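See structure below.
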Amino acid sequence: MAVRRLHLEQLKGIPVSDLEVEIVERKGKGHPDSLIDGAAEGVSRSLCRYYLDEFGTILHHNVDKGLLVGGRAVARFGGGNVLEPIYMVVAGRATNSVVRNDQRREVPVGDLAVRAIRNFLKSNMRFLDPDTHVIVDQKIKPGSADLVSVFEKSGKIPSANDTSIGVGFAPLTATEKLVLECERLLNSERCKKELPEVAEDVKVMALRVDNKISLTVAASAIAGLTSDRDHYLNVVHEVANRVKDLAARSTDMTVDAAVNSGDDFAKGVYYLTVTGTSAESGDDGNTGRGNRANGLITPMRQYSMEATAGKNPVNHTGKLYNVLAQRAADRVYGEVNGIKEVYIRLLSRIGDPIDHPQIASAGVLLQESRAISSVSSEIESILNEELDNITKLSTMILRDEVTLF
Amino acid sequence: MAVRRLHLEQLKGIPVSDLEVEIVERKGKGHPDSLIDGAAEGVSRSLCRYYLDEFGTILHHNVDKGLLVGGRAVARFGGGNVLEPIYMVVAGRATNSVVRNDQRREVPVGDLAVRAIRNFLKSNMRFLDPDTHVIVDQKIKPGSADLVSVFEKSGKIPSANDTSIGVGFAPLTATEKLVLECERLLNSERCKKELPEVAEDVKVMALRVDNKISLTVAASAIAGLTSDRDHYLNVVHEVANRVKDLAARSTDMTVDAAVNSGDDFAKGVYYLTVTGTSAESGDDGNTGRGNRANGLITPMRQYSMEATAGKNPVNHTGKLYNVLAQRAADRVYGEVNGIKEVYIRLLSRIGDPIDHPQIASAGVLLQESRAISSVSSEIESILNEELDNITKLSTMILRDEVTLF
Amino acid sequence: MAVRRLHLEQLKGIPVSDLEVEIVERKGKGHPDSLIDGAAEGVSRSLCRYYLDEFGTILHHNVDKGLLVGGRAVARFGGGNVLEPIYMVVAGRATNSVVRNDQRREVPVGDLAVRAIRNFLKSNMRFLDPDTHVIVDQKIKPGSADLVSVFEKSGKIPSANDTSIGVGFAPLTATEKLVLECERLLNSERCKKELPEVAEDVKVMALRVDNKISLTVAASAIAGLTSDRDHYLNVVHEVANRVKDLAARSTDMTVDAAVNSGDDFAKGVYYLTVTGTSAESGDDGNTGRGNRANGLITPMRQYSMEATAGKNPVNHTGKLYNVLAQRAADRVYGEVNGIKEVYIRLLSRIGDPIDHPQIASAGVLLQESRAISSVSSEIESILNEELDNITKLSTMILRDEVTLF
Amino acid sequence: MAVRRLHLEQLKGIPVSDLEVEIVERKGKGHPDSLIDGAAEGVSRSLCRYYLDEFGTILHHNVDKGLLVGGRAVARFGGGNVLEPIYMVVAGRATNSVVRNDQRREVPVGDLAVRAIRNFLKSNMRFLDPDTHVIVDQKIKPGSADLVSVFEKSGKIPSANDTSIGVGFAPLTATEKLVLECERLLNSERCKKELPEVAEDVKVMALRVDNKISLTVAASAIAGLTSDRDHYLNVVHEVANRVKDLAARSTDMTVDAAVNSGDDFAKGVYYLTVTGTSAESGDDGNTGRGNRANGLITPMRQYSMEATAGKNPVNHTGKLYNVLAQRAADRVYGEVNGIKEVYIRLLSRIGDPIDHPQIASAGVLLQESRAISSVSSEIESILNEELDNITKLSTMILRDEVTLF
């Protein structure tokens, strides 16, 4: 087997946590972009499971493009209506016809896709009814596979489908952790129980200047659970409190939280939704426009534009390399002494085995005392191990052991 | 007026050009993601022009989400066919009803949208026929405006539509310049004249390790202009030569260029297209998934995830702040002495005037001899000027004086 | 009020029952054309109920055009799968915005439409799951109403929306009755209990030559309930028996019944469906292409091409006049002595009050002994009564007291 | 070969021309239902031609279901705009993959369909621009064919695809002729030259009572060619004059013509269109809802509900039998002495050869002096000849020698 092209480089300068300014964002699970990410990924996983059950292997598919067209709704205290449903479509292609022993078998791609999107919505949104609030469509083109040739290749390392980039980094800064935890808190089971008015469509934006974090939280309130203006103000107040409590536990920095800054009480503008997502009234979404594989949008960092959602977990390096880079970064930071910050950058070449990227490069910012030579073999080992085990990622992804967005 | 929150910070470390590893990508104008970016932006501009002509001001719209569903085609040397058309849809909302002096006027939003997408395709693709190769659709929801209230606000600085991030940097590294120029070369008028076989769907990926750049160029050949295998090989060869010539003029580094690495001659796999875009045979696209506002994808840089295409150029900070940040970065690098690298980061707050971001932050890497104090007032002036003039950006965008992707 | 233009004419010749040849058809409730008829009508009724509940009057709508695009499915003994869902769309326009006392209220047209189509499917099809076997879409354009002007008109007789034709006749011939009863038998609750294998997609075609009726019955078997070839043959056999029993009770004529003539056992072709409708595997449907308002297609009769499904029951004469003509024909035949056959023909004029058609014409075939003068006043009374009561039809339609297809 | 089941029956009574009341309708070529009929038929013919050119035989297809969703437009004297384009979709299935000598060839079904619909619109509508006024879509499912088995069958008579009815009659009454000629006049080249304001969307409805015909003509005026109210009134006046002139040449009966009765000058309601079809502002259409194969809708006649448009001309008896029945009726009336009126009724059985219907029945109304025996052999000959030559119909249809709607 060809030698792997690993690379290690010492970065200089200031870790992001020590920069004076930091901007971090996370779109919550009910955000239109997150919904269409979830839909695309749901379709991919459903296909994977079907292929595995029926054919023992994951067949070719790619459903990483999608569109959510916002509906029209009227939300008012105590209730409201969806006037026009949201429209969601996942596009791509998938093997829908398999020849084994001269027999052709059909894969119910369209049925699986529609079912997967609906199931995703049902599992993630309490008040968005996929039966009537959403028109679920799919535009997945057919493909065919010959199982003999598929199995001839099995055991072999898959070839990269494209020339794609994966990036991961560690550790998260305090600001990044706070943003991540903040959204997770507001969408936690506990919060949904104690403060059910808080919708799934939460967006958290943090601006840190020196040691002061300003959180801008947009957290829609479920109209049907929010009886009036006072009730709404209580919810907003309670969200702010919980966010501040979290911040107090999470960091020593000063944190202020502005919740629903778009409200304009004088004009009667409150952030209410009937279904829990702003998609109900005209906010649209595209796959791949939301959170990166670590759950965040970090414009002041190295990161990858690749969408992970909807790509197949077998040979789509736009997905695998982002997951792998993140895992490797976490391990390097966790296992190797003397690392302040690490970035892992991977680049595939179309047609090459996925465990042999064009480059697997680690950029590390070391603690003052350390020399790059003292960490190189450990980092190399980690990169090698992760690349050696790259084919296991698909199982982990299917088992939900990996964050994708 | 409130004081602006400007911020200046000295970065430390190594400029990207001096890092050992660099990865840079550009999707050419015929790439599926670029096509749907162009479609969305075309719709926005067409709406802007109509609103200006009819009402003297740009009315609210946002069409920054789109989907391109790839078609099916058979390309073969000397010709080929599109079997199933590409499907393109731009979604969003736009003011389609305007009340002035108690009279309602209707805006032909759907008509303008379809026309704009078709015109965009006609102006940018030589062999993609919008009449038969593409089904052009739009899902733009209606909105209404009362001109009186619009004009009351005119003169005022518009309020940010959302809490969004803009990032720009300067200068480009040699690698970045090369990637940009490489795609532009292959899609230049001259190249299309001398080597018309080269399709618009070009993708350039660069990996620099130390002072060696490996370019991976995917440049489809137009099937109808490419008579046979030998012809194709000549085209590929000629592309490689031109790229290398460009590289030789552009940089002292060693540059190798792999063109169409996905080809597999043994299996008869060549990168041919009938229409000039891989969208013809199943490659899908989403708005906002392609190049950033500087025309590049630079995972090793600070940059913004925001799509610029399709957003309105009046108060959508996801568009304006990326353009402004890039302009400010260029100016800082060009006008201020002693700057090695500069990053401009802007963050809006929903509802605030767009010339008063939450923060406008410059991070600069200085030449060894310089102190931050020596550049601060100049940088501050540039930021202030650009923010003072932010409302002029919409005109510049409409006049095509600004790159968006 | 203007005088009504009533007309009575004595027809000569042979009643259809005494012609030597007669051809009659009925598409069962699971036929693709019936499904999309039912969907359109379901949407209209749902809108009517909403308008009545919210505004006390039925507002303008028309949703009488629809398309069902067949899916793809594999049905095999004992089971099968839908591979690609059916796509159903109902088009038209409906009032979605109502101004009352200067307040605008929105009507959830899209939501009501999707819900209505799904409910229609759920109530009528046992094995077609609207959640996963069908993509339910709507393309209903908005309209607005000013309640003041609506109520000013209330009490007044509505004006005809178009120049349309309604036709009804009585009595049904023995062949017509048999066709109607045959489909109803196979789709009766009792039959679904005793012979659940019989799908909802039944089509009955009768050819009578002299006193011999040849029935061609296409009755799909539910794949999941039909374990094998023998089972299938039993079902087909049992369907034939039940149809013959019905025929024996219903008529003295000789009746033979060919069930599923399209089967080709040698080639393994059986009429199986997973969901109970041939729409699952590519049979498409259009609104208004199925049964007429009496439940039949009778090419040897006078009848109307107008679709009743989806038209509004207030002023759409294409719906009202067909219902009224059928009711009047039934009454004339039932109440007036000496009538062998009666045809009622109505023609509206756009803009005229619906109780004042251009003409309301009765053509009657009299028993030998009778003179037209002896029936004219009775028939005239019936026509006048029915026209006087035309505005009650909408209530009857909403209460399901009237067959529409 | 099996004996054909021919049938001849003497009808009694009054020919339609002598009935006291007659109602006849024709939808002009720009009517929404006609447009979607034309689109479906255009797709079928385009497929036929392609199949013939490439494979020497017409392969399986059926595209007889379609939907036109009306757009939104503002028409005003002197101009106007389409605000939202019309949406047209043709659905069905077509062979898109052909195996010959172990080689698979693809058929560009989607491309042909879109092109055909656009060409149909271009050839038939002067002011409807398929580029911007219409979104042309197709939902045609794939099918495959093995040319060997296709050719094995060639020479053989095709088998009926379904159990379908065809009906034709002759002669046309004076009223029917007038309706047909009236629409043709208004859509004639000459009229378009002399009175270009008259749109293609013409609808003619005739009510004859005794010897007085009332024509209701809806003829939209092209807004861009109609400068003002006076101009419009002139056009309407001129249309009425031409219709009356035609009537005077065509019949001795009294004819009055009401043109655009829906107008309401007091409220400023005129029948103007920008594009020449009411589809521009919300009138929808479905395939098969317009004129029958003789170009008319004749509710007081025997006729067939089957759509001819879009069915394949090889074995779809819903198309072939309607064409054949009309031709046979014309010949019987033209060639056989003593016929007052003739109806031809054909019924296929799925799977049987198309030249052997379940029944081919002629019902004739004879002149007083004639006996049925005196015409039976001639009529039988005509039916036999037409059935013997049924396979030639597809060529005639492709050569446009046959009216279909």
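As written, the chain order gives the labels A, B, C and D, with residue 1 at the start of each chain.
In the analysis below, a residue touches a chain if its C-beta (ideal position, glycine included) is under 8 Å from a C-beta of that chain, and two chains touch if they have at least 3 such contacts.
Predicted model only: the values in this text are computed from it and were never measured.
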{"item": "Candidate from A-C, C-D or A-B with the same interface as B-D, over half of contact pairs in common", "value": "A-C"}
{"item": "Of A-C and A-B, pair with higher C-beta contact tally", "value": "A-B"}
{"item": "Distance between the centres, which are taken as Cα means, of subunit D and subunit A, whole angstrom", "value": "54"}
{"item": "Subunit A and subunit B, separation of their C-alpha mean positions in angstrom", "value": "23"}
{"item": "Geometric centre distance via CA averages, subunit C-subunit A, whole Å", "value": "50"}
{"item": "Residue numbers of subunit C (touch at least two other chains)", "value": "72"}
{"item": "Chain contact graph, described as a line, ring, star, complete graph or other shape", "value": "ring"}
{"item": "Subunit C-facing residues of subunit D, complex", "value": "7, 9, 11-14, 19-21, 23, 25, 64-70, 72, 87, 89, 91-93, 139, 141, 163, 165, 167, 203, 205, 207, 209, 214, 216, 218, 258, 261-262, 264, 282, 284-289, 297, 299-305, 307, 343, 345, 347, 349-351, 358-359, 361, 363"}
{"item": "Contacting residues of subunit B [partner subunit D, same complex]", "value": "71-72, 74, 81-85, 96, 106-111, 114-115, 118, 130-133, 135-138"}
